[in-house]
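In what follows, chain A forms one complex with chain B and a second complex with chain C.
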Partner chain A sequence: MSYIKPKFRHPRLQKNALGFTVADYDGAISTLCAGCGHDSISAAIRNACFESAIPPHRIAKVSGIGCSSKMPTYFLGKSHGFNSVHGRMPSVATGASLANRALTYIGVSGDGDTASIGMGQFIHLIRRNVNMTYIVANNGCYGLTKGQDSATADLGSVAKGGAVNPFDGIDLASLAILQGASFVGRSFSGDKEQLEPLIRAAMAHNGFAFIDVVSPCVTFNNHTGSTKSYSNTREHLEPMALDFVPMREEIRTQYAEGSTQSVTLHDGSVIHLHKADSGYKTDDRMGALNAIQSGNDADRILTGLLYLDPNSKDLNTNLNLATRPLNELGRRELCPGSKVLDSINEGLR
Partner chain B sequence: MKPTDTNDPEFFHKIVDCQYACPAHTPVPEYIRLIAQQRYSDAYLINWESNVFPGVLGRTCDRPCEPACRRGRVEEEPVAICRLKRVAADYKDDITARLPKAGKPNGKKIALIGGGPASLTVARDLAPLGYELHLYDAQSTAGGFMRSEIPSFRLPAEVLDEEVGYVLDMGVHTHFDTYVDSMAEILDKDYDAVFVGCGAPRGRDLPNLPGRQEADANIHIGLDWLSNVAFDHIDKIGKRVIVLGGGNTAMDCCRTSRRMGGEDVKVIVRSPYADMKASPWEKEDAVHEGIPILDNHVPMEFVVEKGKLVGMKFDKVEAVYHKDGRRELVSTGEEPAFYPCDDVLIAIGQENAFPWIEDSTGIRFTSWGTPIINDDETFQSTRKDVFFGGDAAFGPSNIITAVAHGHKAAVSIDLYCQGKQLSKRPAPGVTLVSQKMGIHEWSYDSVPTDDKRVAVPLVDLKEALSSRDLEVELGFDPQAAFVQAERCLNCDAQTVFTSGNCIECDACADICPTSCINFTQNGEEEELRQRLMVPAENLEQDLYVSETLPSGKVLVKDEDVCLHCGLCAERCPTAAWDMQKFLYSMAKATPDLMVIK
Partner chain C sequence: MKKIKGINDFVVKFANVNGTGSASANHLFAKAIFRMGIPVSPRNIFPSNIQGLPTWYEVRVSAKGYLGRRGGVDLMVCVNPQSMEKDVASVEPGGYFVYDSTKPLAPHLKRDDIHYFGIPFTQMCMREYPNPRLQQLLKNVVYVGALAAFLDIDFSVLKGLLNDQFKGKERLISSNVHALEMGYHYARDHFKCPLPIRLKKGGNSAPHIRESEHILMNGNTAAALGAIYGGATVAAWYPITPSTSVVDAFSQYAERMRIDPGSGKRNFAVVQAEDELAAIGVAIGAGWNGVRAFTATSGPGLSLMSEFLGLAYFAEIPVVLIDVQRSGPSTGMPTRSQQSDILAAAYASHGDTKQVLLFPATPRECFDMTADAFDLTERLQTPVILMSDLDLGMNDWMSPPLEWDDDYQMDRGKVLDAQQLDEVEKWGRYLDVDGDGICYRTLPGTHPDKGAYFTRGSSKNEMAVYSESGDDYVQNVDRLLRKFETAKKYVPRPKTHDPIPVKNPKTDLKLGALFFGTSASPSYEAVEMLAKEGYPIDTMRIRAFPFHASMDAFIHSHDLVFVIEQNRDGQMRRLIINECEIPPGKLVSVLNYSGTPITARKIARIIRETLQSDDAKANVVPLHSETV
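Right, the complex of A and B next:
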């Protein structure tokens, strides 16, 4: 098996605004199973960072444990990274975001890492609105331990050994909306046309951005009877297309009147939502929850940008922290001395 | 676009750029792999089967394969294909026992006029079938232009003798020192077919340039002069030599002059340096030997004083390129340039001449003096039992082209002698075999190496110039040959796609280092090419389009810079991609002449 990706790239690769090619956002060669959906998500993240022209050294990748959490090795080889304890990536991400608010944080997790062992951390990450993009590569099974049903496996889905899942799966997207996440999307690893702009929008969003990505486990959960196989997901997919236009680019595409809905983010970027489902409003929490539930009832997987609050306040803002990253503050600013301490103490008397 | 028909052997053949560009379609990646495995004899025999003169061509080939090499599109320099061929010849064992023998006589007699590469190829291809072959040449030995026009410091006589010998030893009846001056006489001898491979023997002259007659003693036609050197009729030239012309013959003339007493040797050429017909490496070799090349000089006059040549006058010109691609050399109006010299070698091209073929034979010629030939597949002339090949067919070209002509003419002669239609030609030999060895493992070195091309080491310049026979190039040693061989991208390991297996997981598109693989909506080729991840702007390279997949998309692979690294097939969970070795063998009169296991 090849463990080296050849050095040669297409000589006519396009360059982004920074003069980088997409190859500059590559990571090491993947050791996941051939055909794993996670590799497609890795490529989508790589492409999104390239398209949005984010300098690789201004990105930090954080993850926990699992097939999903190996992914950060396979993209953005020139970025920062932290592979943390199982389910504890949210703590690391929260701390990192507080220490250096200027970086773009990409958290990668799986259904086990998020919906089982990490649930307690995940829910607080949402509640605190940490400014990061949190991607769950959701395959409904524990691929690293031979494919047992995970907490997101759908009711009635058949495992590779033939067992039918008797439990209702946790719907992470609904959960995130319910808990007040300010950006919630769902997508499919096999639909980069939707996933890439969704990740770009999530990275541009100021606050916690959650994307639940159906990512088939090609080895243990890609058979007939599985609800998260490539073919079953494609059959039941209900995608809402979107485009992402970053702030520094002018809007060139003309959309027919009434065919799209535009949402402007805090940095001036614009998301254009193509109305597959007319009347869908991304700023309507109740509507979003209803739409997801109706989709579930109709055996359809609704994907796209499900909910967005473009005016959310992230953790740093809410805690009224210094606008400059902590790691840029000098000793004098961090330890202002006994005079300042005295005056604070005075103020508390 | 319609799905690509991979049953058409030409699709995969075209992807093996080097083999496709080679007139004789030598399976280059196949023999380069064998060189890397130190199986030099096998590598040699694969070459021999396809181009008959691997040792000669490994030193002198015009290498149409190298500009075509894919490596040149993904990196700077192509694989050193030509000099690797020489490695196979240099390090092979005695292979004589593995060569085919003359077949049981089939009662048919063939005359071969001229003992150059085209005739020898015809002889090689027909001998195993039992043809009685009669080879005529005016010289005392065979080889033709390979012997007379290529100086021995580039091609040692032993190498040529060995490879000419392999052919003649297959029972060819040689008629040396026999100048054929009448086609009618040959035809009277009741041959079943005649092959004319006598080359294009006349070097062009400048008969009307002032001073040409008076200075005749010191003006030589380049080709004749090289031939005289080769056969030891001449052993020196003046100290100051002007070589006129910009082709490979001019380069051979100037470098030979340096070894024959020429100290101040110049090449003076009409066209700009970049337009010269000589191969870039041949120009470099001349410059390396201290020979200046003066371009944009049109000869005006041979200057003669007291009945002796003292120099030449040239008009300085500039090349003006017209919209229709026509080039015009316009005088700059400067004073004519004068260069003193003792001798001039004229190497400005060759002309065909067949004064020995009588009208009564029914063989007709074009207004250019070349024979009218049925087409470039059959090589049959206007007289059905006479065939042409090599430089005699379409004018001056090169050895490998002559060999390719020979293969095709031999097929035609065989069909003709059996009373079969010449248009119903045998198909090329094609095999396509999976290279899978286990999970994610291939039978070839699939990971492209990063090594750069290196030049072949040369003997010391002073030593080289002191001898006419000392071979200048030393050739690669086995270690260097291995590194150079590993640069080959194995373009014959084809990426074969089975659309029915594809689950559209995108793994291949994600992993492909050179962004060749796309899953997208189908469209018209022109529009589709623009829509790919990296637009497919090299129109000479095909797109590989699949059947429509379940999602409604198609796979579109731009073949342009595919590294054949096999990662698409390694990352494919359903074996929709497979790496399969495509071996293509040009149709020959004797198929399967060599079987390499």
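Right, the complex of A and C next:
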């Protein structure tokens, strides 16, 4: 593990539309194990924010507890972050988003943080459709407490000590679709070609965007018999390639007829999906569930944009919240004054 | 046979079945007395049930303006056969018992030292109204009519109240007035009216009641208004008795007062969370992001919120929690009042934590303290907990009117904006620049490349960089303690009153009493009772934790100090012993934890017995004799 982050950057680093280089989206050096899938996710988030040219300080990072939830330190050092309580990041994110609807919110969680202790809050976050991107770094085990199975460990997966998991794993992507999540993706930390555009699309989505990312734990869950090891994941991966074209950007790439389909997001951004079988419909909830479950049954890990409702209404919209962020309001807007109070007193006599 | 006498000084209790519409009739009765200008304090004593169980409504009428419970019942109105045996037994000798005589009274319910008034309420209503629901509802109004005769309630006041209540619904007004008249005439025709206990308009002799034009409101509504006026924009909660009406009222007022005039959209957000953990999580997330946010809960919710309260303490995030206390532990008795979350709140969470608490005693204080809590929490960057209770929160109290200073400026505390971040030489989130333990915070989205930091619990250094160094940890928690000291400057001070002169004191001891919240009103009354008996007692009403230095001085300058509170373990007494350098033996607990609010008589009795016991005489040496 390195413990000094090199400060050297190539002098002619590419700049994004705001004039930032990718280095402007860097965080502190990671203290996770060398080779941890989570570091690839951090890099993908950094690259996605750079590519989408979001001002770093207009992003807020929230997390719970665990290896996954340490991640926000390792990207976007110019953004505020909040490492909250185990399994409770969804509520903190909800409050933060209500307080200032103008920021972009990225939540990072793990399989323990989401599928066990945080299951209740996760489900209700989906139900409320809070406008944020929620990434689960899913490695099927508890890292910080040294390798216990998590609730997403697959049935029959072998733990490092040799124990075979007798329980069905919780499939977070299916669960999210079932609960009505408006954007559900799945990816693999080792597939940045897919993960980066998926994160960009998630951030452009108006509402709750969930990405379940298989992210192998090199220390406790990367051995033969583990279903969430690098090699097993690569072997069984069935990726759906995709591109993301943000709003106001010209579509330059030419695709062969019938090989792609385009999905337009609320803000005008476009996602191009490439797949041999381009009949996959991202707006078909039942179809998506079928495809995921069939994949699971066939031992295939289907990744890509699994479900999208481009017309989703987020929490701010459903609460009919004022356009101006609540944290910009002052006494004038908030305090009704003494005359109103006098009339209230009058009604209580 | 003796007859209890008294003008504007008695206790009436109603024994009803819950879910039968008695609440609004009982409220009509209490409000009529209030409108006659007579000090009155009504209390619901109700079961955790929707329909069918016994429920009581106790109305204290006190010319002297005592608003706490006195103890005892002078007039019982019993329309619930389920509880009749106990209700008969609870009437003071010489008191009065009004009952539904549709069925004859069982012989074992006959006492020879109280006066019975049988009125066939059910029969009258069955004869008068065809609809069974109407029979049930108006039966309640009929007994209010009878009480108008028994107690001399101004009939025009009752009519005026019905007019207000059913504005525009003439049929409802006339049927209610008719029911009132039916009861009134029955009582007049069959009994000698009024009774020796009765009302007299304008007979209000309490100076502190006369001082200002009073209102009648409950503490939860007042706290909700405090949150509106204090500028809260995010409320997150999970329904729990007895705090539910705080956020209900907040939502209702916000719908009227917080709509953006241009767009018609809301300048507030209310989230009914999935549980209390999420409720406070939402409030903390919002507080972190720069709005004034709050949650309201009761005991079980406070327990669930403990982990987050610890995080907010260590991460230094403003959040207001309104705890409307009820009997515990766990579900306890959800509809019964107690002051039993004191220790759980003061030290909420694991690790070394101390939370700022406020103790309102009146609806006016619920309003003021809630509004102030938002200034305090942002000034101190730590959670502030308003410690109300069911008695204060859900019952109507006479209170001075709510007042608001239009020149009020919110104290948003130490928050740096973009320009200040550019000007400041060196900024670190946990650098104690001013030496008061309070550091400068920044909000997400403020500055392109300054002021961003990572909020976390305890492992960090002054620059908000991750650190597990023991030195960094100690420095941080010691600073938090310094901040708690600073809090003493900002929280409301305790209240004292001039001592009541006692002509021939029966004791050499210098006596004091400490109390807070809803224990205050009956404590003041008990102290006046005891003063008449020859026991002079100085009082101090605690209004906040951390405690003010003047409380230490108060304890030091008295031989015995009674700590009056409503829980089993004497939690406030323990908190004082824990936090103050005082001899614990001086503090004597006066406790009530039955779930019904403490009474003045009980307080007086415990204090009297303590003072008359041989222990007190033998063991307590008066301070002034030591100094000789």
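Criterion: the second predicted complex is superposed on the first by the 332 of 349 C-alpha atoms of A that agree within 3 Å, B and C clash if a C-alpha of one lies under 4 Å from a C-alpha of the other, contacts with A are read in each partner's own complex, and residues count from 1 in each chain.
The criterion applied here is as follows: contacts are C-beta pairs under 8 Å (C-beta built on N, C-alpha and C of every residue); 3 or more make two chains touch, one makes a residue touch a chain.
On a predicted model such as this, the values are computed, not experimentally measured, just so you know.
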Of the partners chain B and chain C, which touch A:H10 in the superposed model: first, second, both, neither?
-> first
Touching partner for A:G225 - first (chain B), second (chain C), both, neither = neither
After superposition on the shared chain, which partner residues are touched by A:F82: those of chain B (first), chain C (second), both, or neither?
-> second
Which chain, chain B or chain C, is in touch with more residues of chain A?
-> C
Report, in rising order, the residues of chain A that make contact with chain B in one complex and with chain C in the other.
-> none
As the complex stands, chain C meets chain A at residues 35, 213-217, 225, 228-229, 231, 233-234, 236, 257-258, 260, 263, 265-271, 273-275, 277-291, 293, 307-308, 311, 315, 401-406, 408-410, 442-449, 452-457, 465-466
Which residues, counting only chain A, touch chain C once they are in their complex?
-> 28, 55-58, 60-62, 72-73, 77-85, 88, 90-100, 102-103, 120-121, 123-124, 128, 319-324, 326-327, 329-331, 333-338, 340-342, 344-345, 348-349
Chain B-touching residues of chain A, taken from the complex the two chains share = 1-2, 4-14, 22, 29-30, 33-37, 39-40, 42-43, 189-190, 192, 216, 218-219, 222, 230-231, 234
Report the residues of chain B in contact with chain A in the complex, numbered from low to high.
-> 73-75, 439-441, 446-448, 450, 503-507, 509-511, 513-516, 534-535, 537, 550-551, 561, 563, 565-567, 570-574
